[in-house]
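One chain, chain A, links the two complexes that follow: it is found with chain B in the first and with chain C in the second.
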Partner chain A sequence: MRPVSSKAKIGAKELTALLTMYVVPNAFLSYPSAISHSGMEAAWMEPLLSGVIAMVLFLMVQTLIRRHFKGLDFIEIAKETFGRAFAILVALACAAYLLASTASVMREFEENVITTVLPLTPILMVGLLFILVVWYMAYCGLEGIARTSLILLPILVAGIVAVCLMTVNWWKPYLLLPIWGAGPEAVEAGSLRYSSIFANVLLVCILYPHAKDDKSFRRVGVVSILLSAVLLSGFIAVYHMVFTPQQANHMTFHLYQLARMIFLGRFFQRMEAIFIFLWVTSAVVKMAFTLWATAYLLASAFQWPVYRPILPALALGCFSISMVPTDVMSAVQWEQQYLLGWGWTIVFALPLGVVSLASLRKRGRRGRLRHA
Partner chain B sequence: MLKFVIAMIIPVLVFRYTISFGGWLSRHRGAKGKVIGSPAYVVASGSLALTGYVLWRMLM
Partner chain C sequence: MTVNDSVLDEQFTLVPSDDGHSGGDSGDGMDETKNRSDSDEGKQGDHIPSRIDDMKADLERIFTLPDNKDIVVRPFTVGTEHPWRALLVFVDGMADKTIINNHILQPLMLLSQALEEEPVNGRMEVVMETLLPGNQVNRTATWQEVVPGILAGSTGLFVDGCDEALVVESKGWEHRNVGLSQTETVVRGPHDAFTESFRANTGLVRALFRSEHLVTEILEVGKLAKTDVAVMYVRGLTNKRLVGEIKRRIQAVDVDYLADSGLLEQFLEDDPHFLVPQILSTERPDRVAHMLSEGHVAVFVGNSPYVLTMPVVFWTLMHTPEDAYLKFPFGWFLRVIRWSALLVALLLPALYVAVTNYHPEMLPTDLMLSIAGSRELVPFPVIVEILLMEFSIELIREAGIRVPSVIGPTIGIVGALIIGQAAVQAGIVSPMLVIVIATTALASFVIPTYNLNFGIRLARFAFLAASALFGFYGIALLACMILVNLSVQRSFGVPLLAPIAPALRASPDVLARGPGFVMNERPAYLLTQHEWRQKPYTRPWSPVTRPKGVKLRRRRETK
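Take a look at the complex of A and B:
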């Protein structure tokens, strides 16, 4: 039986689109609210600073993998260096994080759809439709998700830019003052705390063997982080030119609130209905990717030859976890407290720790062989 | 109660499918298969239990 890792190969453009599509949908989730709370008027700086942190860590991990573990993914590196039991533990931690992240995104989007376009539809029905689409996309595999991302990314970027530009008549640039908001220390702390939205360091460890072109992988990571950071920062800046940070703290669907403000004369107003479907589609791509990654990690750790048969159970588990919080505020609080606040341990610390220790161990072994 | 029973049909089918996947892994890998197949049973049981709890809370 072929190992699960020897299948999909995707190009640089698709990978860039996929990694960007993973980060940018955070603009529709509780991330703007979290950074508005920590950075106040300077919240727009936080995605940029978080992007810089993520990029430095990404370059470190990518360099170590390229030098010492060419063609291996994160779990295979852990297995090769520290043994199977450790690799299983690492895979379980990452899979649990990704599953919880999928569930959290799903719940927030379910609430988003119910409060905006389908107020009379039961949440179970919206969730069921969501999970069916996500399961099908994950079933199509990494190549399918990556190609969908490539098609959707320009539309998503155009959608975000359009919402920002169409609210130009509401912009009050003085709302961005004082320039440092809650102070440089608060901005720095917020950037560090919420940097886990740039999960590129973890994703690079999972996707590395799937890159068609090994050399362009560094460019893929840099471009995707830059593009995501600039888009998020631009959106937050525009958002704070329309709403104050205090208002932002009490809102849940930020991009929707901004879209509701569009008023460009009698014929161009209340255009949020156009954008909602775009946001939901991009969220579906993000969830499909995380569901695929969860299944892939489990398959890789437990040496399953295929990952598809586990998808229905994972999708069902994900749907159930998304229904555990009793209301939308509990779901948002749960996401901000655990996934955003502690996500860095899984997204940055775990891959960096495993790859660095494995590299040191490999170098030590080589040194010992040379001296023997 | 009837709503809950009907809603549980899909989770039970998914559970059965995942259990059969675990069984397939066990058959294809011999003695080692029991070890690699058991996580599939855990995932199947976990998702069924969690779905049962959530649906019970929402539909009963």
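Take a look at the complex of A and C:
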């Protein structure tokens, strides 16, 4: 088993793929519904604006870490500056968010599987299979998850582009009008509120010491945010050229709904089943990454030499939490209200706050030493 | 006591023990063999005695003479005027008798009449320097060095009064000549293949790769019977740590006898439980030569006609030498066909089960009706139907290998009748399924690596089970598991999915095949001592392939 102290080194392309694979599956979750509700016809602008916000914050955090805390992760920074107790609190907060996020994703995908593919299979069985694969992938470690992402990302991008293009005969560009949808203020508010899907700021704090090449890490963040924002925005734009925002508000599984519309002659029709591969594989990667990150944060905070033994417990916890909402609408509501709505506190505010304060404190210490 | 004694102790005392099989004839025989072996091994560690009678006695003990009829001990005298008593020892069937008669016995017995009376300790000197015309003669003073030489086909020469022996190269056992490749055939390219001769195999590679930097180090594996294992690499190019690691793993192999390269492969692989091979075994000298030039290491095992090359990445297992010998659009096309075949061989039956059981809506109505119509009379569920057919195909495949060649064509007829006609007419399987299974079988034969083919066959059954239970959902989850498992596997420290995941520099010869003149860099994952294989542009005279910004030198000079 690889001890937490010996950190796996991941190349720039794998990291880019991993961060992109973390963000893009939101296209299959309730995110399109949420931004359709807030931005209406202009919902496609929201991922772009959220991306800009995330990128600014990412660059700030990355610069601070590179200047003051080279080779340290988020928890190590907190530990070094504010002590172990504070680091544990921070780790617990992040782990709770990641675990809840994994559970939420899991429940939504389970519901999607039952609605679309296996209507007669019990949700427990669907969830059990899901969590077993996610656990195995997290067990294989960051290297395995990142390499799998690199292989799957082109398939995901090609799949999303294919779904978009294959519905070209249903596109009604006028559905995107009025161009500002619910108004610029509403678009801005929605972009801010739901910007937490770009969890790159938190992830950069976790992944920073795992980057093989410190210099290219900035490029990794920028490219992954850009790619995710463009893909999400493109998908939402196409989606809204096929379905109105009002329709989108009442749908839960947007990629599936779009794929169902494919009709390119008598032979190429009803191809939604093919895209099961797309959303199942990307969901597994996303969940495996968050499960790994949860275990890694806890191991780092509590100074465990390895993170693997906690994985079964976390997987079981995740599975149990995913079963808490009574139905799919409760799960979606839960996600939109708490994880998407308040996620920015963990994803942006916490890492930025910790790293900024730690940097200030470090600078202050240096200054005192210089004057002494 | 030598190292070998301990091995023999383990071998012959552990077998008849608790389960009550000890005793009786076999037990006695083992004890006797053990005792004899102990004394023989003990003797082997000793120096060769100087008296010819003592030598003979030692030889009788070591080789169990006169019971052992394979060993020939030929007493004779060197010279006639002042004859010296001598002994010649060789293994019948392994040594070339022409060499022994014409180049050892004849000069020693007939051409040595005018020998001067030499001091006893100078006799061996005279024999070696003036009487033996053989091209490889080793002088040695211990049984430990003489006995393996004799067992390897050389001839031992002992002269009375000398506490030394000469080991004269005389290997000449019967083996198959270099023949056509059986499992890696190509249309364009060399057709020769390795054979059951260690030295012929190393020679075949050296004939293709004529470089003074090509080094062959020979190790021995096996304690009861030794097998030569040659480690071949290019000094100054191949990663030194890689060579060291391979030698370390070979030297750590602790077996009594190593029969074939397939066995050594299992000892050397990083994870032998994994379905995908982590070492490439090939019977083609040109492939070994090419891989050596890239910075891989080749391992020859005794007289095995398959040579191991390592490390290997997953993508290499889908390559054939022909891809490089053909013009690149054709090589590229072959790769596309092959990758498609891999997916078909792995997934087609599972997709058929998933579509018919769980996702019939994705089929166009006409096709769905056609499938439903063809299945109307079939009494089994699709999964049973498909397992029956898969089992039949596996039977035919296995029978095709085991059946005596004289009745080989029968298998084809029986198979075609069972699968193609009778099963459909009896209503056991549907015609559509026959097409699916036949296409899958064809696709699996396209996979160029035999071991990978096995892995795909087994994985196909796993996908079948997943699709029968959970449709596309099961297939997608299993694909994720296999993918992540593949991505963390290593071959001698090299990630199996390199240079794609992790992304590393490499020439365009991974998934597709680029033109030969742009294969400039060696794979980065091999960490070779020289990264560049050839200049960045190898056709400077050609305006068609010259990179932009590069001008011909002649033009610059005229300017």
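The rule is short, and it goes like this: the second predicted complex is superposed on the first by the 368 of 372 C-alpha atoms of A that agree within 3 Å, B and C clash if a C-alpha of one lies under 4 Å from a C-alpha of the other, contacts with A are read in each partner's own complex, and residues count from 1 in each chain.
Please note the rule applied: a residue touches a chain if its C-beta (ideal position, glycine included) is under 8 Å from a C-beta of that chain, and two chains touch if they have at least 3 such contacts.
The shown structure was predicted, so the numbers you read here are calculated from the model rather than taken from an experiment.
Participant: A:Leu124 contacts which: chain B (first), chain C (second), both, neither?
Facilitator: In the superposition, A:Leu124 touches chain B alone.
Participant: Regarding the shared-chain residue A:Ile310, is it in contact with chain B (first), chain C (second), both, or neither?
Facilitator: After superposition on chain A, A:Ile310 lies in contact with chain B alone.
Participant: Kindly classify A:Leu298 by the partners it touches after superposition: chain B alone (first), chain C alone (second), both, or neither?
Facilitator: The answer is first: A:Leu298 touches chain B but not chain C.
Participant: For A:Ile155, is the partner it touches chain B (first), chain C (second), both, or none of the two (neither)?
Facilitator: neither
Participant: I'd like to know which partner A:Leu165 touches here: chain B for first, chain C for second, both or neither.
Facilitator: A:Leu165 contacts neither chain B nor chain C.
Participant: In the overlaid three-chain picture, which partner chain does A:Ser320 touch, first (chain B) or second (chain C), both, or neither?
Facilitator: A:Ser320 contacts chain B only, not chain C.
Participant: Any idea whether chain B or chain C touches more of chain A?
Facilitator: Comparing chain B with chain C, the partner touching more chain A residues is C.
Participant: Who does A:Val280 touch here: chain B (first), chain C (second), both, or neither?
Facilitator: After superposing on A, A:Val280 lies in contact with chain C but is clear of chain B.
Participant: Can you check the complex and tell me which residues of chain A touch chain C?
Facilitator: Counting only chain A, the residues touching chain C are 10-11, 13-14, 113, 117-118, 121, 126, 129-130, 133, 136-137, 140-141, 143-148, 150-152, 266-267, 269-274, 276-277, 280-281, 284-285, 288.
Participant: Considering the complex alone, what residue numbers of chain B touch chain A?
Facilitator: Touch residues, chain B against chain A: 7, 10-11, 14-15, 17-18, 21, 24-25, 28, 36, 39-40, 43-44, 46-48, 50-51, 53-54, 58.
Participant: For chain A, which residues count as touching chain B in their complex?
Facilitator: Its residues touching chain B are 1, 124, 298, 302-305, 309-310, 312-314, 316-317, 319-321, 323-324.
Participant: Any idea which chain C residues touch chain A in the complex?
Facilitator: 355, 358-359, 361-362, 364-366, 470-477, 479-481, 483-485, 487-488, 495, 497, 500-504
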